[in-house]
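Heads up, the next two complexes both have chain A, just with different partners, chain B and then chain C.
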Partner chain A sequence: MNELLLQGLVNGIVVGLIYALIGVSLNVIFGVLRVVNFAHGEFIVLGAYGAYFAQQLLGLSPLLAMPLVFLVFGLLGYGLYFLLVQRLSRSNDPEHASLLVMFGLSLVLGALMLLAFEADSRSLNFSLEPPFLMFGNVILPTTKLLGLAVSVVITGCLAYFLYRTMPGKALRAIIMNRDAIQIVGVDLNHLSALTFGLGLGLAGITGIIVSMIFPSFSPFIGQDYTLIGFIVIVLGGLGHPIGAVAGGILFGLAEQTAMVFFSGTVAMLLGFVLLIAVILIRPAGLFGVQNLR
Partner chain B sequence: MSDETRETRIEAQNPLSASQNNPEKTSHIKSLIWGGVVTLIILAFLPVPLFTTNLSFMFYMMLWLTMATSFNFVAGMAGYMPFGYVAFYGIGAYATGVLYKTFGLPIPIALAGAAAAGVAIGLLLAPTLRLKGVYFGIVSLALAMAMKLIISLMPAKITGGSLGLILSSANDPTMAYYAMFAVLLGALAAGTWLSMSRLGIALRAIRDDREAAEVVGVNVVRTRLKAWVMATMFPSLVGGVEAWYTNAIDLESSFNLLVTAKSIVYAMAGGLGFLVGPIVGASALYGIDQLIWRHFPTLNLLILGVVIIALMLLLPRGIVGAFAQRFSRFRRFIP
Partner chain C sequence: MLKVDQLVKTFGGMTALAGISLTVPDRSILGVLGMNGSGKTTMLNCINGIYEATSGEISLDGVSLIGKAPHAVFTEGVGRTFQVPRIFPQMSLLENLAVALLNKGLSNAQVAEISAHWLNKVELYRLRHNYAEELSGGQQKLLELARIMVANPKLVLLDEPFAGVNPSLALLLIGIIREMPQEVGCSVMLVSHDLTSVYELSDNILVMHEGHVLAEGNAEAIQKNPDVIEAYLGA
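Here is the complex of A and B:
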């Protein structure tokens, strides 16, 4: 029993860090743009398809496909910002408007993927030697370890970008005070578009990592990832980029331990219960220090 | 609401600024228009079973009219965006199925039970009403998902498990049609009460400026709760009647997010906050939707998504809202 629990906890941390990555990109977009990206999960799945086709057509390994997907999704996000998001800030109720537009986008993307790639699940052809490592009695597949390493590196890069570079600081400044940042001469539109690109680029990479670790993906699972992302960012604090890491690990641990003792359905239910409880009891999120509104 | 529409609304309710029109006459014309719309709806739907046995088209039109109208109670009149609206629809369907099939109660009692179950869950979730903006939307969505998972975890003896429930012994499409008709009339009546009474004024006041409403003595919690109870009861009834009409209930279709999506689209296309908004929106889009759905089932979702995006970007106030903004003189006459 203890070994099972230990295995569950280890899995929880690995899966949690990947969930964190979903949350981080979602939170970057929400924090800066006040856009609730309902279509995030669809972009994640699209990233997985990107890696799949890069492998099938170009023979690229998923790891090499990452920068390519990041670039393509980044450009896509930059363009989509001007097409969809920019107009929303003029709306009476930008948050609701964004929620609805992104909801529409998620339906569109889900349907497009269904039309283009059909309903069958696919999986990446990706394996490492040796297939798994043993730590005492705990088994860790090497793909999971690799995914973990990539997530940590990406989160680290993002943290460095946000806290140590000028554009990153400007980006955080927008989260703190939208009006003041314009006075000091930051091009809000350009930076917002870059942020949307960054968020989608990260979503694409997350999709590749996810498809390396979870067995298969299909056009239907986008919504699940969006919901996981929502749970993570609410746990860690809405609009708090790095808080999402803590939220992701917490949710990963809770989900994986629940899976050890109960079932997958209970684990998912636990996630939603956690989300609702946190919102009702502590809307700023478990780790949100200040109210970011 | 923008300042512009808010101003016209204040104008419509303030006897001093509406010097040339007295407000009683205005509200009289408004009631007349609304009465005309309701009469039209009754005339359109009441005699259908006399002429044809293929009730499906009109049945589902009433279903969406009801869903959009009751969605408007929370979204348009109270200013909430419940993304998990489908939860109440699903609860209604399952409550009806379980009460009829597992407990052997007659359909009318099962439907009453469905309404009671919806309202009970709604009251249970009432604490979420203190959440603002996106938080409410996200929680509402999570609750719909949680509801589906809870039902899937219940013993298959009660809920039928993954196979769902079949109610073939209750098959009576004409009665189900009239049941939906009654639910639609109920929703229209509730809408009339919500918007034309003092309650409606209080609701709009809260939506536009909560603090100011509180200062002038509006009980914010109780007012919102009334709208919320109405908005949870009707989808539960709709879910129950639909289950009766199709005789089949299963988790995937009872908790399909598309139910929320379509309620939103129909209500928004017409114009949130107006009584006639959801009716105009549902009537305009339902036929198109049916046409697309019949011929290109996979395109249905795609087009629904495109319509949502286009509406939000190009016509955020809906058909009626855009009309009211363009011809603001007539704004006060639109129910």
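Here is the complex of A and C:
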């Protein structure tokens, strides 16, 4: 039992960090733009398809496809901001307006993916040697370890960007006081567009990582990722970019350790129980906006 | 030099500014007095781009500010503080100042040097690594002032800088504002209900009433102006 629990804890941290990556990109967008990106999961799935076709057509390994997907999705996000999101930000109630519009976008993207890629599940042709590593009685697939390492590197880079660079500090400043940032010479529109591009770029990379780790992907799973993303950011604190890391790990640990004792469905249910408990005890999440540092 | 010419601002059917004209010469302080609702803050909001003027012209050193967004007005050299300070609460004091230097193309060492100078000036240097939310209301006003001063503005708009500030911090603020035209080379537009401070600091004073300019002149002339006495100061 102890070995199983240890295995569950290790799996929880690995999966939790990947969940964290989903939440981080979603939270950056919400924190800066106050836009509820309900289409985030679809962009993650599109990232997986991007890696799939980069592999099929260009022979690129998923790891090498990451910078390309980040760039393409970043540019897409930058353009999409001016096409769609900017209008939502100007609304009197951007959260509600964006929730509806982005939910619509989620449906449209899901339908377009279904038309373009059909309903069949697909998998990346990706494996590592050896396929598993043993740590005592704990077994870890090397693809999961790689995914963990990439997630840690990306989250570290994002934390460095937010806390050590000037544009990153400006981005955090927007989260804290949207009005004040404009009166110190920062072009809110430009920085918001960059943020949306950054968020979608990260979503694209996350799509590649999840497709390396989980067995398959299809046009139907986008909303599952969106749901996970929202659970993670509510746990970690809405609008707190790094709080999502704590939320992701917490959710991953709860889900994976519960799987040791219960079925997958019950484990998922326990994740939601955890979410409800955090909302009741600490509505702002573990790192609520009032503690944004 | 700031020139405001026939500035009008309406909100629906309500006229907040009804053709205001004024000039703020280089290296001078213009005090602006007026009761609540007289249009003082609306005028500042029009100058720094928060509101779009309905008509009229605003220019700084011959460059029109009309139609420019707040960040662009800041880039032209106009800094602004608010009655309720708009700081970045969960950032250190140094980070608060650094954000205002984002587009200046300075090295980290230069940013640190300029920030240290102004934090010393407002006597907050020892708290430089503290989060801004830990400061008192008066200290937050000083931080907000330092944050615009690091960018070396040509014109500083101060909205009620003394409101809610304790007497010792108010004295410090008065000293800094007094030195700004000569030491930094900027002009100041000082909006305040604190008559004593406005009389003491201002080279010229503008009194506003219901969106109009009621009187303009130096402190002595304003204090003797019968319209101002009747409207604001009592008999």
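Keep this in mind: the second predicted complex is superposed on the first by the 289 of 293 C-alpha atoms of A that agree within 3 Å, B and C clash if a C-alpha of one lies under 4 Å from a C-alpha of the other, contacts with A are read in each partner's own complex, and residues count from 1 in each chain.
The working rule: a residue touches a chain if its C-beta (ideal position, glycine included) is under 8 Å from a C-beta of that chain, and two chains touch if they have at least 3 such contacts.
The model shown is predicted, which means the values in this text are computed figures rather than measured ones.
With both structures lined up on chain A, is it a clash or a fit for chain B and chain C?
fit
Which of the two, chain B or chain C, is in touch with more residues of chain A?
B
For A:Ala180, using the defined touch cut-off, is the partner it touches chain B, chain C, both, or neither? Pick first, second, both or neither.
second
Would you sort A:Leu227 into first (chain B), second (chain C), both or neither based on which partner it touches?
first
Give one of first, second, both or neither to describe whether A:Leu188 is in contact with chain B, with chain C, with both, or with none.
A:Leu188 sits against chain C, while chain B stays out of touch.
Using the touch definition from the top, say if A:Lys169 reaches chain B (first), chain C (second), both or neither.
It touches chain C, and chain B stays clear.
Is A:Leu99 touching anything from chain B or chain C once the two structures are fitted on A? First, second, both or neither.
Once the two structures are laid over each other on A, A:Leu99 reaches chain B alone.
Of the two partner chains, chain B (first) and chain C (second), which one does A:Leu68 touch, if any: first, second, both, or neither?
So A:Leu68 meets neither chain B nor chain C here.
What's the minimum Cα gap, in whole angstrom, linking chain B and chain C in the superposed view?
Nearest C-alpha atoms of the two chains are 9 Å apart.
Help me check something: in the complex, which residues belonging to chain A touch chain B?
By the definition above, chain A touches chain B via 36, 84, 87-88, 91-93, 95-97, 99-101, 103-112, 114-115, 223, 227, 230-231, 234, 238, 265-266, 268-269, 272-273, 275-276, 279-280, 283.
Can you check the complex and tell me which residues of chain B touch chain A?
1-2, 81, 83, 127-128, 131, 133-135, 137-139, 141-143, 145-146, 149-150, 152-153, 257, 261, 264, 268, 298-302, 304-309, 312-313, 316
Within their complex, state which residues of chain C touch chain A.
Chain C reaches chain A through residues 48, 50, 69-72, 74-75, 79-80, 86-91, 95, 98-103, 131, 147-148, 151.
Touching chain C in the complex: which residues of chain A?
Residues 166-167, 169-170, 172-173, 176-177, 179-188, 291-293.
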